[in-house]
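Following this line, the structures themselves.
Below, chain A partners chain B and then partners chain C, in two separate complexes.
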Partner chain A sequence: MAIVTYRDALNQALREEMQRDDRVFLMGEEVGIYQGAYKVSKGLLQEFGEMRVVDTPITELGFAGVGVGAAMVGLRPVIEFMTWNFALLALDQVVNSAAKMLSMSGGQFNIPIVFRGPNGAALQLSAQHSQAWESWLAHIPGLKVVAPGTPYDAKGLLKSAIRDDNPVMFLEGEMLYNVKGEVPESEYTIPLGKAQVKREGDHVTIVSYGKMINVAQQAADLLAKDGIRAEVIDLLTLRPLDSETVAESVRKTNRAVVVEEGWEVCGIGAQVVDYVQRDCFDDLDAPVLRVHQVDVPMPYAKNLERAAKPDAQKTVAAVRQVLYLE
Partner chain B sequence: MARTRPPLPAPAEASTPAKKPESSDDAALRLSLLREMLLMRRFEERTAEAYALGKIGGFCHLYIGQEAVGAGAISALRPDDYVITSYRDHGQALARGLSPRSIMAELFGRVDGVSKGKGGSMHLFDRNLNFLGGHGIVAGHIPLATGVAFAIKYRGGDQVCLCFFGEAAVNNGAFHEALNMAALWQLPVIYLVENNRYGMGTALERASSVNDIAERACSYDMPNEVVDGQDVIAVREATQRAIARARGENTPTLLEVRTYRFMGHSMSDAASGTYRSKEEVDEYMKRDPITLLRAQMEQRGEWSDEKMAAIDAEVRATVEDAWNFADESPEPSLDALTEDVYVDTTSDTGTSASTGER
Partner chain C sequence: MATKVTMEALSPTMEEGRLVKWLKAEGDAIAKGDVLAEVETDKAVMELVARGAGVLRARLAAEGDTRPVGELLAVIAEKDENIDAILKKAPAPAVPASSAPSAPSAPSASSASSASSTVVPQPTASTPPSHPNGGGRARSSPLARRLASSRGLDLGTLQGTGPGGRIIRLDIDAAASTELSGAPTAAAARTAAPVMRAAGDSEDIPLTQIRKTIARRLAESNGPIPTFFLTADFDLTSVRELRAQMIAMGDEFKVSYNDILIKAIATALSQHPEVNAHWLGDSIRRHHRVHLGMAVAVDDGLITPIIADADTKRISEIARESRELAKRARERKLAPEEYTGATCTVSNLGMFGIDEFTAIINPPEVAIFAGGAGGDVPVVLDGTLAVRTRVRITMSCDHRAVDGAMGARFMQTLRRLIENPLMLVF
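Up next is the complex of A and B:
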């Protein structure tokens, strides 16, 4: 297998799907001539031309709506947000148009669209540019939400997202684009709505997704040094959420910690905890704990930012707590 | 799909010197504007060095090349007027009188920064100076300016609000909504577009169906003007005219100030490359706002090399002092992390304080 960056894995997925289906096009800020703010769309303008790789003005609400309109009449848009922070401006179209169209029209108009871009914090970008929006998106019936943390998953899931007939929110990570991993040369897809056991263990279950799956893995490495065998589950898709894979693991380990990048209140972790308490009530040996960003707008100062973010140490501490080692 | 790009319009012509009689005040004004622009330039040159050394992080957008816009426009304001701007905010902050020390400390993420190290480069604020921030979401602060002007009118005041943003922001809905309300309600606000020709890597012509941004004001029946943004005096005078309309008649104005950024969009990209050529940048650099003002002063005999050297030395010392101050300022304490999320209302309502405790 080839070693490929997360960025290039996404680029391959876009290229392959655009080659496969000429209804697929890419639209967003700086996707064309500039080759993508994070170079995810490198070379696509040259290969597919300006009708299929479309640079937009800074007008998120507008071009999100353009995407939905085009999808209503048969195209399959991939709309890039430079980051999900800016997608907030477009949420009206995402929620009020894309998510509800099928239902409002009694099943007549489905919206096969992908909204994608980096989500969450990078480094010292301060409050307005460091936000993880998955719980907002996952709240909405009609949307699917996907958050891959590795190049392999990013490629396989993006291909499935583009082929899906529903609106799919695809959450990448600025800090992930340079991450390298194995990606097969032959074509593959990964189904939406299915979680993966990324590492087997029987002492505790760590549930995570997206960028934080790497934090969960680091924590599992640290725990292994103390003889603690953590099972790491990557949700991959946050809506629909594969609670069965989580439950199977918790029935074995009897303990769980959920790690997410965003804020605590109404976070994805809260939803996971709800499924676990319903599905595994009699199996639990400890309350499920959550690791997340401190409940504040992201500060700029390096030390404060570090303190605000979830990390492997905080995850290890939570695991030790559910194991009653502290 | 975008229209083929028309050739770049020539940089705006230098405006002809004002015909009104000269006074020694004018000479003093030119000198102070020169000093101010030089302070911005030297401050940001050091900012770039600090960024390279890792003392500054995150997004950092320099103002080099555009100094005349902030210096000229803000020089026309009264202290009780309001200023609000985008993330490219170092120049405006300096022009408004925020101390170089507290700005540099903010860039360094230190406790003595204007925003206590929590905001960084894009979020400079100073309540005492009616400096309402550096804002990071393109066009997001334009309606805020309209709201500030609404409050001025509401309270029966005669201040104005001066709002800076880039030319790419005019394609965003927030711009149109904000201008429509300001014109409809006759609010004392000046929308100042810093047309530096690019929004990141996208040239104006590739993003806007109308190439003369000032024309956008016609949709709202709003007075507008095109201004040479490399000429600090021209910027000041156009702003003065807009202020007169705002204060006297509660009439908003759209000023299109044509300028150019000499550096990359932020510290993470090159000054030229994928979207503009080195030749183009070199061409525009010939109209450096500092050099242009210096030339005017030379022509008028207000200039000497010794004077220049003295000012430059003084400005460099100020910037050096700011750097040292920032470098010595401590990191915020970890307790600060949960501060300033809510106003503490414990004393009068008994509800929970600064963070979202349950």
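Up next is the complex of A and C:
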């Protein structure tokens, strides 16, 4: 298998889907002439022309609305947000138009649209540009939310997202774009709504997704040195969330830790814990613990930012606690 | 208000006691704190103290009777107070103790609640401590509840090791394996009764998976404590010379070989916390202080009084203390704190002419040392035959906590100390 960056895996997915279906088009800030702020759309303008790779003004609400309208009349837009921090301005179109149109039109208009871009913190981008929005988006009925953490998953899931007939929020990561991994040369897709056991173990279940799946894996490596076998579950899709795969694992390990990039209150982890307490009540030997960003606006100072972010050490500590080793 | 006098748990392992002698007669006025009787426990003769004031209205046990912990022995009440209801519940004095109903937790709890201060009831095998959350409900994880019900275990009889006393899967597994092996629960209860502990005196090392597997597999094969033995000869020539010099300095420096060996073992233990440890089932407690138990034969058994902080004491202090402890042990005058809380133990049968033997580990300790008779033997030194004074010491190791190489390294340290005894006095 070829070793490909996360960035190039997304590029491959976009190219293949645009070749496969001429209703698919890409729109957003700097996606065309500049080849994408993070070079995800490299070469697409040259290959598909400016009717299908559209540069927009800095008007997130405007082009998100154009996208929803295009989807209503039969196109399959992919809308790039330079980051999900800027998508805050577009949330009215996402939440009130894209998510609700199918229901409010009595099934007349489905919205086959993908909103995508980097989510969460990078390095020292401070409070306004370091936010993880997945729990906001996953809260909304009518949206699907996907958060891949590896190049393989990014490609397979983006292809499925583009083919899906509903609005899909696709959460990437600035710090993920350069991550390399194996990506098959042949065509493949990964189904939405299905979690994946990334590593098998029988002592504890670590549930994570997106960028944090790499933190979970690092933690599992550290734990393995102490003989602790962690099972790592990558949710991949946050809505609809595959609680059955999580439950199956927790029934085996009797304990779980959820690792997420966002804040604690009403986070994705809270939802996972809810499923676990409902599905696995009689299997739990310890309360489920969560690892997340500290409950403050992201600090700019490097040391404070590091302290605020979830990491492998915090995950190891939580795991040791649910194993009653602390 | 009437005060019930019950057989109290006067030692950590006491399950029953023999009433040796009444010191108060029926009708005597009693003040709180008066000594009512002498009670012989499994270890010593102790005083039974009045928990309330009034008149000793009834004595329900005769001198020489043995009664289980918690059973009613006497009633203290006002002179004209009606105590019929209390007496009606008391077992008939003729019932032999062994077949007496042993339902100790309720009565001992009530005596504790009416107690003013003196004796803190110690958990014993037959009286599991009440649950810290009160209300009688055992805190437990959902998994522990499910496993307990499927294995027919009563959660109320278990003590949880999780936060706040929560019963977790480990506790269920431990209880199930104890039932299977038929081992007494006394050892488990003892591990839960830490004595002479202060913060910082020890640290608990969580079990790694390999340690858990070693513990489980070896206990299956040779259990419940999978013991192995390391025996070595130690050259006592330097010790003999040192001892002769000390004795020449005067009576106050008269020490025995055993005192020097105790000092050497204690010093080695201070350098090997992995041996100076307790096995707690789900962790290993390494002690930073060395409290060395010393097996002393008494008329009808043995007891192990403790030389606290033995590694920091001078050999002459150890000699004085061990003589005094042995004497009081034989008189059965030891207080419980003088024979509980050892971090490791030494036994010596050299004085009986035993060349070498293997001692049995006193749980939760993880090792014990058995000293044989020292004596002059022919040995080959640098290719020539020489006469040297040697002693043979056998270390019994609990393989759940101590591996062969770990024990062997301890014996190396011990050899260095015994064969260069100046290291013990500097």
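Basically, the second predicted complex is superposed on the first by the 326 of 326 C-alpha atoms of A that agree within 3 Å, B and C clash if a C-alpha of one lies under 4 Å from a C-alpha of the other, contacts with A are read in each partner's own complex, and residues count from 1 in each chain.
We adopt the following convention: a contact is a pair of C-beta atoms (placed from the backbone, for glycine too) under 8 Å apart; a residue touches a chain by one contact, two chains touch by 3 or more.
What you see is a predicted model, and the numbers here were worked out from it, not measured in a lab.
Undergrad: Once chain A from each complex is brought into register, does chain C clash with chain B or fit beside it?
TA: In the arrangement built by aligning on chain A, the partners chain C and chain B fit side by side.
Undergrad: In the overlaid three-chain picture, which partner chain does A:284 touch, first (chain B) or second (chain C), both, or neither?
TA: The answer is second: A:284 touches chain C but not chain B.
Undergrad: To the nearest 10 degrees, what angle do the lines from the C-alpha centre of chain A to those of chain B and chain C enclose?
TA: Here the answer is 110 degrees.
Undergrad: Going by the touch definition up top, name the partner, chain B or chain C, that contacts more of chain A.
TA: After superposing on chain A, more of chain A is contacted by B.
Undergrad: Of the partners chain B and chain C, which touch A:254 in the superposed model: first, second, both, neither?
TA: A:254 contacts chain C only, not chain B.
Undergrad: Applying the document's definition of touch, where does A:212 land relative to chain B and chain C: first, second, both, or neither?
TA: It touches nothing on chain B or chain C.
Undergrad: For A:13, is the partner it touches chain B (first), chain C (second), both, or none of the two (neither)?
TA: Touch partners of A:13: none, neither chain B nor chain C.
Undergrad: Quick one: minimum Cα-Cα distance, chain B versus chain C, in the superposed arrangement, integer Å.
TA: 21
Undergrad: Which of the residues in chain A end up touching chain C in this complex?
TA: Per the stated touch rule, the residues are 203, 226-229, 254, 281-286, 320, 324-326.
Undergrad: Which positions of chain B touch chain A when the two form their complex?
TA: It comes out as residues 1-2, 57-59, 106, 109-110, 115, 117-120, 122-123, 135-139, 168-169, 171-174, 199-202, 206-208, 274-275, 331-332, 334, 336-338, 341, 355-356.
Undergrad: Which of the residues in chain C end up touching chain A in this complex?
TA: 141-146, 161-163, 168-170, 206, 208-210, 282
Undergrad: How about chain A: which of its residues touch chain B in the complex?
TA: 29-30, 33-35, 37, 50-51, 54-62, 85-86, 88-89, 123-129, 265, 294-297, 299-304, 307-308
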